[in-house]
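Presented below are the structures under discussion, each in the form of structure tokens.
The same subunit A turns up in both complexes below, where it pairs with subunit B and then with subunit C.
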Partner chain A sequence: MEEQLKIDFEKLLEKSNFSKKNVEIKRENFENFIEKGFPNRKEENWKFSDINQIISKNIKNLSFYNDLSKPNKIDKSIFIDGLEHNKLVFVNGRIEKIEFDYEEKNKIEMLDDLVLEKSNKINNSLLFLNNAFVSKYFKLIVKKNYSLKKPLIIYNITNKDLISKNINLKLDILLEENSSLKLIEFSNDKSITNFINMNYNFDIQNNSVLKNYKIDNNSNNNVKYSFSNINQDSNSVAEIFLLSSGSEFIKNEINCSLNGKYASAFVNGVFILDKTKHHEIKTNINHLVENTKSYQLIKGVLEATSKAVYQGKIFVDSKAQKTDGYQLSKAILLNEDTEFNAKPELEIYADDVKCSHGSASGSLNEDSIFYLMTRGLNYQEAKKLLINGFLLDVVEKITDPEIKNLIKTFMSLKQ
Partner chain B sequence: MREKQIDKLKDYKYGFTTDIENIRAPKGLNKEVIEFISKAKKEPKWMLDWRMKAFERLKNLKEPNWQKPKYPKIDYQDIYYYSAPKSASEKPKTIDELDPKLLETYKKLGIPLQEQQRLNGIAVDAVFDSVSVATTFKDKLNEVGVIFCSISEAIQKHPELVKKYIGSVIPLTDHYFATLNSAVFTDGSFVYIPPGVRCPMELSTYFRINASQTGQFERTLIIADKGSYVSYLEGCTAPMRDENQLHAANVELIALDDAEIKYSTVQNWYPGDEEGKGGIYNFVTKRGLCKGINSKISWTQVETGSAITWKYPSCILQGDNSVGEFYSIAITNNYQKADTGTKMIHLGKNTKSKIISKGISAGFSDMTYRGLVDISSKAKNSTNYTQCDSLLMGNKCGAHTVPYIKNKNPESNIAHEATTSKISEEQLHYCQQRGLNPEEAVGLIVNGFCKEVLQQLPMEFAVEAQKLVGISLEGSVG
Partner chain C sequence: MLKIKNLKADIENKSILNNFNLEIKPGEVHAIMGPNGSGKSTLSNILSGKKGYDVSGEILFENKNIFELETEERAHKGIFLAFQYPLEIPGVNTNIFLKTSLNAIRKARGEKELDAIEFLKLVKLKARELKFDEDKLNRQLNVGFSGGEKKKNEILQMSILNPKLSILDETDSGLDIDALKIVADGVNSLRKNDNSFLIITHYQRLLDYIKPDYVHVLMNGKIIKSGGPELALELEKKGYENFN
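The block that comes next holds the complex of A and B.
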């Protein structure tokens, strides 16, 4: 693979006209990736999902250079109906559409050619890979005191032309003071056996609100990794919901730093898995100052031979007194060959805090099924009702009613 | 006046050394030293071969480094692997023949052997440094057929049992410290309870690390045959030393069909001074195997001492219907560090495990609960319940929880809970209002916090442990 990486990297530099500084940083990232390679189970972070193995098992002859010179057709049928929204459309990693029809033009700014910044803090080899191979680095800025009227949907589409490729996306989002954004990430894949590596950086300034819904609902055979880094200032709110269901493998990693007083973060997620799917959610909530709050609720329903992993960490700095941190993960295993692994972690250095976590996994309660059957439901219906109730608990945490409805439709939870 | 008293108490109660000439193996870790140990113990050849195998393997192993408390690199060539009190080379036949200095040491520790024999009804196998110097109550145990002796004696007298079970729970191929122990272990206890016997008394050992720069490598092997029961107590205190001392013991428990083993530990080794200088490194491997059906192993530990505690008493629940329990109190103060917890490996059907862990950190200390619950796909109908609570005193200390939960069986249930909090002002105020001073109040509240675990200890230990909890936290309120 190393040969291929080198060839593809040189090709990328040759075909694109990056600035000198950019090339230098890219090369550094590239060398770091070559040195570290794809992470494997020996790394604590990847203990339950060995991506090195998963990639070599699922993808033959992975290549890293992606020709983005020709435009791709957008299949409009996949756009979400019944919800007015702004669009950012990526097809096979190439941006095809930027549409903010519902918004005031001078309140939103979209930059598409950011230069990478040097950072010594990164210790994630997939970020090195992303930095080295990403061809365009986007940034969306929502100006002071502006709230987007309609949600923004980022469509990540891949079509059949894409085979055994690594796609890297990088997007920064800055919410200036007193602004708000509802963001839905929606993927639709017709392609198979690709590795999609996404990196989002959110900067949420004072009094701003981000609502981010990551929907992975359409069945596909791709391997995906999504890393979101969130920095929050005073009084800001981040609400994140993950629907983890469609891809063969996806790991959603959320790293959220609460840097300002009264900042709060909510991370809720649902796994609905069948076949041989293997999904992971990893969260890292860093309480760095006083009076911050975080809440996490993760639930999963596993069928066939699927596997779900939840690794959640609450970190409380010694300065972060009065922290309120909560974390709960639950899973229902429906088949003998399913597996649920959890590592709910607390790392606490302050004494005046309220932190707790819980984790439970097991089968459906037969007594509850019996109860429902005595009321006239058949076994399948009773089971379905219980599972839906179990999952609805998480979906109900979504604060935007329109989007809540949309997600309920996706999960076929709507009555 | 009171301050003076507290000062007195704060000083390590058991900080003294006994002046006894030691027989030492040359410093360092090599073939010759292992041969020396084996020869000194008059071991048969198979034992020496076993040690050598471990030593060979050790060469390819690396020290683990994933733990939270980091420590300066240990120079394994700078340790004496064998030291024995000279007077023990010709073992005394009765307690009265013991070196008076040794007896004095135990007295200070609060275990007067002579009295113990008559009053307490506990057999004590006292390990002074590396050689067990006195074993009491032999006769009474002999009557029912219980074998309770030092492991070296067992190797000579009961080789068939030792050969069969040693290394069956902690194999030679285990991690670095366990393998190190297998190569150089000097002494420890051996217990065998024959089928159907309920051990008539609580078995107990007291460990002491004495000679300076002596790593102590105990090896304990407890076998409970079909339908038997044994409760084993282990208590530790060590004299004050400036250099860091390594302690890497191995404890193996094996419970056959319907057998039950209860293993309790009170660990109060020298934790280092208030600046974090010195203290014991307690890197112990403890593992129990519920081999038979309906077997049960229960670990209870009160960890208040040591500069660094790094241990995970574990249960492998192999037999159907077997039960594993883990009750733990860990207290760290000043610059102490602890990374402790358990592993519950469910292999058999209908297996149950329960984990109750209470961590208290004060001063500049750091405490981590790290545990694994692993329910394999064959372990149908298994359940686990885990509760780990942490109490923080002050904002210079840390409390961490790192549970690993793996469930591969839909018919099994796992529940895990953890909380972190501090002693509330209201509780303190309430106690003080009723005439307790702040320290007593904290002691009372902490004892209440730990009650669930303290209840699991046998009577004799519970009292001692309760006192320890109080003493360990002295000076942390302010």
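The block that comes next holds the complex of A and C.
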């Protein structure tokens, strides 16, 4: 693979028009990736999801150079109906559409060709890979005191032409003071067996609100990694919801730093997995100053031989008194061959804090099924009602009614 | 309506019911009384088709053997079980559950399903009759309900589903006297010539409010004595131990 990486990297530099500075940074990142390689289970973070093995098992002859010179056609039928929204469309990793039709033009800014971050600030080999191979690096800025009128949906589309490729996406989002954004990430894959590596950096300034819904709902055989780094200033709110269901493998890693007082982060998610799917949610919530709050609720329903992993870390700095941290994970295992791994980690250096965690997993309660059946529901209907009720609890945490409704539709939870 | 012949039930090689016989005609109210472990709950579970028992014998409902029928098919035919311990079902709205249940049964019977408005009218009427707090109908099924509210909810479900045979498994346990009266009134208001009740209980006190036509004493998995309502009083006086 190293040979392929080198060839593809040189080809990328030759065909693209990167600034001198970026070429230099890309080379550093590339060298670092060559040295470290894909993470494997020996690293604590990757203990339950050996992505090195997962990639070699699922993808034959992975290659890293992707010709992005020609535009791709957008299949408009995949756009979400019944919800007015702004659009950012990626097809096979190439940005094809930026559309903010509902917004005041001078309140939104889109920058491209940013200078990449230096590799010495990174400790994650998939970010090295991303920085080395990403073609365009965008930054969306929401200006001070502006709240987007409609949600923004980032469509991440891959089509049939894409085979055994590594795709890298990178997007920064800055919410200036007193601003707000509702962001839905929605993927639709017609491709199979690719490795899609996504990196989002969010900067949420004072009094701003980010609502981020990551929807992985369409069944596909790709292997994905999504890393979201979130920095929050005072009084800011981050509400993250993950629907983890469609991809063969996806690891969502959320690294959230509460840098300002009264900042709060909510990370909720559901796994709905069948077949051989293997998904992970990894969170690091860093409470770095006084009076910050975090809340995490993760639930899973696992069928066949699927596997879900939740590693939730809460870090409380010695300065972060009056921290309020909470995490709970629960899974229903519908089959003996399913697996749910929950690893809570609490690292607390302050003494006046409130932190709790819990995890439970088990099969569906047969007595509850019997109860529902005595009321005329058949076994399948009773099971579905119980599962939906179990998952609804998490979906109800979504604070935007319109998006909550949309997600209920995706999950067939409409009652 | 219900004819049980030679019913035998084992669980994990332990005999629970043995040579159990009972016949209930339309319009009749039967009470089965027995001490703990006499097989009362097993009987109600088996009538509702709960899995996990080795069963033999015959259970005829309206002259048809229902042995092979699934739990929901028995419900469709008009058998209702009010649970001793109604289960809490998180995330499932009580109203929506009641509507799903009623329409599943109506559909199976070839009747028109009720729309939201028709259903709400019905449920409100029934809830008022049973003095059931209507706000609770918008809460998750039985979640956070008190013992009495759960039992009242069972009777509410019974009155909405309008079954032919209602089995009340220790519905009186855990009820205070006011709740007991409401539950009994609910049952009495459903008494008709064509539907029947099987009331399973420990104590005679419920039978002060719901007058049974027959009382049976269940001990060690079989009925050892049957009689009229006076049998319950005799039992209360003597206790189960001296009854053998």
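Methods note: the second predicted complex is superposed on the first by the 414 of 415 C-alpha atoms of A that agree within 3 Å, B and C clash if a C-alpha of one lies under 4 Å from a C-alpha of the other, contacts with A are read in each partner's own complex, and residues count from 1 in each chain.
Rule of thumb we're sticking to: a residue touches a chain if its C-beta (ideal position, glycine included) is under 8 Å from a C-beta of that chain, and two chains touch if they have at least 3 such contacts.
The model shown is predicted, which means the values in this text are computed figures rather than measured ones.
Asks: In the superposition on subunit A, see if there is space for subunit B and subunit C together, and answer fit or clash.
Replies: Aligned on subunit A, subunit B and subunit C fit with no clash.
Asks: Which chain, subunit B or subunit C, is in touch with more residues of subunit A?
Replies: In the superposed model, B touches more residues of subunit A.
Asks: Just checking: does A:Leu392 make contact with subunit B only, subunit C only, both, or neither of them? Give me first, second, both or neither.
Replies: In the superposition, A:Leu392 touches subunit C alone.
Asks: Could you say whether A:Phe370 touches subunit B, subunit C, both of them, or neither, answering first, second, both or neither?
Replies: In the superposition, A:Phe370 touches subunit C alone.
Asks: Looking at the overlay, does A:Phe340 come into contact with subunit B only (first), subunit C only (second), both, or neither?
Replies: In the superposition, A:Phe340 touches subunit B alone.
Asks: Output check: A:His357 vs subunit B and subunit C. Expected answer is one of first, second, both, neither. What do you get?
Replies: First partner only, subunit B.
Asks: With the two complexes superposed on chain A, say which partner A:Glu381 touches: subunit B (first), subunit C (second), both, or neither.
Replies: It touches subunit C, and subunit B stays clear.
Asks: Report for A:Val142: first if it touches subunit B alone, second if subunit C alone, otherwise both or neither.
Replies: A:Val142: touches no partner chain.
Asks: Once both structures are aligned on chain A, how many angstrom separate the closest C-alpha atoms of subunit B and subunit C?
Replies: 16
Asks: Please name which positions on subunit B make contact with subunit A in the complex.
Replies: 66, 377, 390, 392-422
Asks: Mind pulling up the subunit A residues that touch subunit C in the complex?
Replies: 365, 367-368, 370-379, 381, 385-386, 388-393, 415
Asks: For the complex, give me every residue of subunit A touching subunit B.
Replies: It comes out as residues 44, 318, 321, 331, 333-363.
Asks: Of all residues in subunit C, which touch subunit A in the complex?
Replies: Those in contact with subunit A are residues 48-51, 70-72, 74-76, 80-81, 83, 86-87, 89-93, 96-97, 100-102, 104-105, 108, 140, 157, 161.
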